[in-house]
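The structure appears below as structure tokens.
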Amino acid sequence: MKSVNLDLYRTMYLIRKSEETIQKYYAEDQMKTPMHMSMGEEAIVSGVVGALNLDDQVLGTYRSHALYLAKTGETDLFFAEMYGKVTGMAQGKSGSMHLSAPEKGLLCCSAIVASSIPIAMGAAYANKYQKNGKRVAVFFGDGATDEGVFWETVNFSCLKKLPILFVCEDNGFAVHTPREHRHGFSSLHKVVSSFDCNVFEEKSTDPEVIYRTTQKALSTMEQNDKPCFLRLHYYRYLEHVGINEDFDAGYRPKGDYLDWLKLDPIRLQREKLGTIGFSEQQILELEQSVDEQIARSTEFAAESAFADACELHTGVFI
Amino acid sequence: MRMITYCDALNEAMIQEMERDSNVFVYGIGVPDHKKIFGSTADLLEKFGAERCFDTPIAEDSMTGLGLGAAINGLRPIHIHIRVDFLLLAMNQLANLVSSYCYGIGGKVGVPLVIRAIVGRGWGQGYQHSKSMHATFAHIPGLKVICPTTPEDAKGMMISAIRDNNPVLIFEHRWLYWQTGAVAEESFEIPLGKGKIVKKGKDITIVATSWMNVEALQAAEILARNGIDAEIIDPRTIAPLDEDIIVESVSRTGHCIVADNDWVYCGFSAEVAAMVSDRCFGKLKSPVKRIGFAHTPCPTARHLENQFYPNAETIVRQVENTLGIDKIDLSNELFYSHENRFKGPF
Amino acid sequence: MKSVNLDLYRTMYLIRKSEETIQKYYAEDQMKTPMHMSMGEEAIVSGVVGALNLDDQVLGTYRSHALYLAKTGETDLFFAEMYGKVTGMAQGKSGSMHLSAPEKGLLCCSAIVASSIPIAMGAAYANKYQKNGKRVAVFFGDGATDEGVFWETVNFSCLKKLPILFVCEDNGFAVHTPREHRHGFSSLHKVVSSFDCNVFEEKSTDPEVIYRTTQKALSTMEQNDKPCFLRLHYYRYLEHVGINEDFDAGYRPKGDYLDWLKLDPIRLQREKLGTIGFSEQQILELEQSVDEQIARSTEFAAESAFADACELHTGVFI
Amino acid sequence: MRMITYCDALNEAMIQEMERDSNVFVYGIGVPDHKKIFGSTADLLEKFGAERCFDTPIAEDSMTGLGLGAAINGLRPIHIHIRVDFLLLAMNQLANLVSSYCYGIGGKVGVPLVIRAIVGRGWGQGYQHSKSMHATFAHIPGLKVICPTTPEDAKGMMISAIRDNNPVLIFEHRWLYWQTGAVAEESFEIPLGKGKIVKKGKDITIVATSWMNVEALQAAEILARNGIDAEIIDPRTIAPLDEDIIVESVSRTGHCIVADNDWVYCGFSAEVAAMVSDRCFGKLKSPVKRIGFAHTPCPTARHLENQFYPNAETIVRQVENTLGIDKIDLSNELFYSHENRFKGPF
């Protein structure tokens, strides 16, 4: 697990630093796309994606900076897209909310709540059909479980025993609405458990825990052929959309944040690296290489050209 | 050439494509049951097995997502809805996801998804089982929409749709299913986006969609007996539209009527009328007129339903108005109805 | 319970006879509307509606002959609508699939699976808002539980503690598709039970059993303020749509039908009336009065005029 | 008269109606939270309590059914969607249930349901947060559709919508929210189905919807400086349409451009163009031209987004073409954009 822990840290550090970079430059007004920040959820995404195979596939939401970075490890296309440049993954057409990297297994991110969940099911159906052994993990918030299409998808995936992981990143809020104002049941775990699937739940900010849970989920799925539902709790550090804190708004107490911050995944994991035998020097080197990568990418993004105006009309059909 | 029905043509197209390409599969509510979607999915389960031809829960929204996900992962799904009306439960997936997937991914990955939806009519289908709504989907960039009318078009356009790397919605009018026509046995494509001159004529252009072509043909016969030579154009593809074939025709005839199998207001007939009025400006000898459903939900009682739908008589009356000719005596004409459906060769 | 049992029989007899009348005359081609017959479900509808107050409200599906007749007891508007006449409840505009009697509490029937379920929730919301004490019962098939909107509605109704009864008339099939081909769970009861509601299940063809279960549901709801879900099993005697049997189709064995037929609700209830003290004479009188009512109504329907053609355009707006 | 913003006008209309009629309630995702739907639901929770102003799960389909059920049971619900795009999840309820309820019940019971939907634009909203789709709903008989442009219309038409016994969909362009205008403090109705002459003119008629009226006004100013006197008509109600006000105008000017805040193909601009081409046949000196969104999903990058949307320049260029006049030098004009939004009095 030593190298796994290092990889997990690298991924989380990449995510955190990339988002801090967004925070740093956002006021310059060059990234004209609404930012739904991942800060706080790094352990979940890094742990789950880390446990998947490289050719497994993932789908996400408008809040998928972490997912994109964890799955691809790259930042050139990422920042270029944020800057709306032709060198972005979609030439600036998709922005922050619709990240994708089909060749690396990120099939799509959608800004309509819950809408990528059935698409993930279709991808899983195709994988099973093609017997290629690929698994699909679809990431969504707790708000997505409000939508009927979530339940339809769980139902059909269980019925067909599809190789799919439902990853609910549960921060307890849909925008500003807490789950108690949205759910007519006391335990999501219990409801989902009444379907023919495997259910796991974690409240840890330790990516290794998430990683192991995901491994267990994957091997259980392999054994009993049933989809897995992972309910993974975290705390959203920033406002729903935007780069700032929003504790003055009054819908959630800052105390909760401070409690979670004590368990900040990136800080804890850095400490852990020390305890499992990595030197400060090794860690610093890793961090530096990530910092440099990000610096290169933002520079690349800033210097890249905008897509030609006529590009507006290309890509509607293939 | 061999004569087969529209329904069998659809069926044959799917079978031939499923034989050719193992990535094609067919699914939807009732698809493999003994009724076989009015017969159009006959033999699929038997020939291709339960993975390539399967029933689903009643869950249109997620089942459309299933198609999108499978399509971007290398398969070529055909999703069938026994009534168009059920497609409305999938509107989010269609308008927000399917239509923009390719664009949003930078044009790199297509969505080879086919959706078949049957337009209901008759026997008191009522307002929840008789919509058409092709204009609603045609309005959205990123979706192709077709309405084949003849058995030959049904087969050729279905095959083109399946081979297309983009989402294609097929609207099939239930009353066309019994129609027979000459259809080649071997596989062939009829390109999407190309209209067809159903009948040559010089006096007036009738642009008709789907079942309205049958009505237009009957109207044209009646008109011919009365000295009027109508041209009928079937655009076949609603989006993208073959504008030129219509413009060319109206430029010759100087008159245009659009007979659409849908509501008129903000519908496809509005698009054609607007486009023709623009591109044929100065050549038009009369304003473009539109014919379609009454602007009400579709009632159940037969006599009201017959009022709701336009038919050959509606077309003839409009042609008379447009050309300023005397009223033709139609008292001896037998019009199509639920009892007197068109089942012969088209 | 003596008079209740008589009422239940009267309702069931009215339903069965009305549908037999439809069967008898359908071939005459005057009722030009697709018939989704209730035969087999009479005990459920009669029992539930019988236990409701007169001013409680109900909603149904395209398969609602029984519901309409149980809730209204009338057949004039009913048959006139079947015949497409101006004297029908909707002047012939709605036909068999969209029966209604708002003044008697039947708010609507919809032919889109599951679509009246959220409408029932809205009606219940209004009743609670108006504090008028009315309850709403929405009837739907097991197929409706496939739709996401069913789960959304259960969730919100439980969240808001609405006075609503979800009545699932479970015949195990959606058209020809058995539940095993549609459900990714083994027990509907268990899934719904994981929401904050009261769940009841019956497999009886005895309307008195249904009646008592409904009473119990209503009083439980009154006590704990939670919606009720009633899963009530029955066997659909005829084809999905149409007036004939369809055992030759092969998707369900005739043996099942014969087993259920032994427990035919109308026959058993008639026998019960004898055992609890009604004379054959009393029963015959009741039956005769229903027969006469139906005969009068079909005659009325047949003799009524069709709506004027211009009526096509009225009633789109109020 | 007092000047208030469009947003405050919407808010005031709801407050006054909720005070007047205890059956009115407001609900939707985020409706009572501190952001208050861009401010338009301010004070509702505080004034009327949690039963009359409530948040919901993310469940548009069932929440629309909730509105229908409440409406037929005596209440007057207002359902709010912060983006039109989410309305598409409710398409089944709207097109199959809400629109036909009254008809299907024999015209006896109305559906006094109001649905507010905000049309997004700017800051990279992208293709899932920027549709308009008013034509899609206008196409369906049984739904009323309005697009108020000014603060006064926002208040008066909102009040009419709430008092209407039929379903009314309100499409509110996000950029109009900052606009100010003179609005009476007391309650008043502006009837649905009545268009408005926004600016009198004699040379050409511009029919504009929603935000496009702002663009049309700027275009008209530029044109005025160049000797062209444009008339601007805001239909305000998309369905049912005030045809006469448009026909009357075009009959005077002989030229017509439709500038719609939506896609062109099979959209509302097609309806207006078809109708005008028909009813003004012979009086038109040039073909009716249509302006709208590019026929693509809406891209995120600002420069592409600016290409996607038509603006005053698009209108001026079209007027030049239509009237056959020289190109106006626009190099010194400052057009509206995300950075330069119109916030003054309309």
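In this document, chain identifiers A, B, C and D correspond to the written order of the chains, with residue numbering beginning at 1 in each.
FYI, a contact is a pair of C-beta atoms (placed from the backbone, for glycine too) under 8 Å apart; a residue touches a chain by one contact, two chains touch by 3 or more.
All values derive from a computational prediction rather than experimental measurement.
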Labels of chains that are neighbours to subunit A and to subunit B: C, D
Greatest separation from subunit B - chain, by CA centre: A
Chain centre separation (subunit A, subunit C; CA means) in Å: 47
Between subunit D and subunit A, distance of the C-alpha-averaged centres to the nearest whole Å: 36
Centroid distance [mean C-alpha coordinates] between subunit D and subunit B, Å: 31
Interchain centroid distance [CA atoms averaged], subunit C/subunit D, Å: 42
Of all residues in subunit C, the ones touching two or more other chains: 88, 91, 93-94, 98, 110, 112, 146-149, 152, 155-156, 159, 181-183, 316
Subunit B residues counted as touching two or more neighbouring chains: 56-57, 59, 61-62, 85, 89, 92, 96, 103-104, 126-128, 141-142, 295-297, 299
Topology of the chain contact graph, where touching chains are joined (line, ring, star, complete, other): complete
Contact set on subunit B toward subunit A in their complex: 25, 51, 56-57, 59, 61-75, 77, 92-93, 96-97, 101-110, 141-142, 144, 165-166
Partner subunit A, residues of subunit C touching it in the complex: 146-152, 154-160, 181-187, 190-191, 193-197
Touch list for subunit C against partner subunit D, complex: 57, 88-91, 93-94, 98, 100, 102, 107-108, 110, 112, 115-127, 129-130, 148-149, 152-153, 155-156, 159, 314-318
Residues on subunit B engaged by subunit C in the complex (per definition of touch): 29-30, 33-35, 55-59, 61-62, 85-86, 89, 123-129, 294-297, 299-304, 307-308, 338
Of subunit C, residues touching subunit B in the complex: 32-34, 84-85, 88, 91-98, 110-114, 143-144, 146-148, 174-177, 181-183, 249-251, 306-307, 309, 311-313, 316
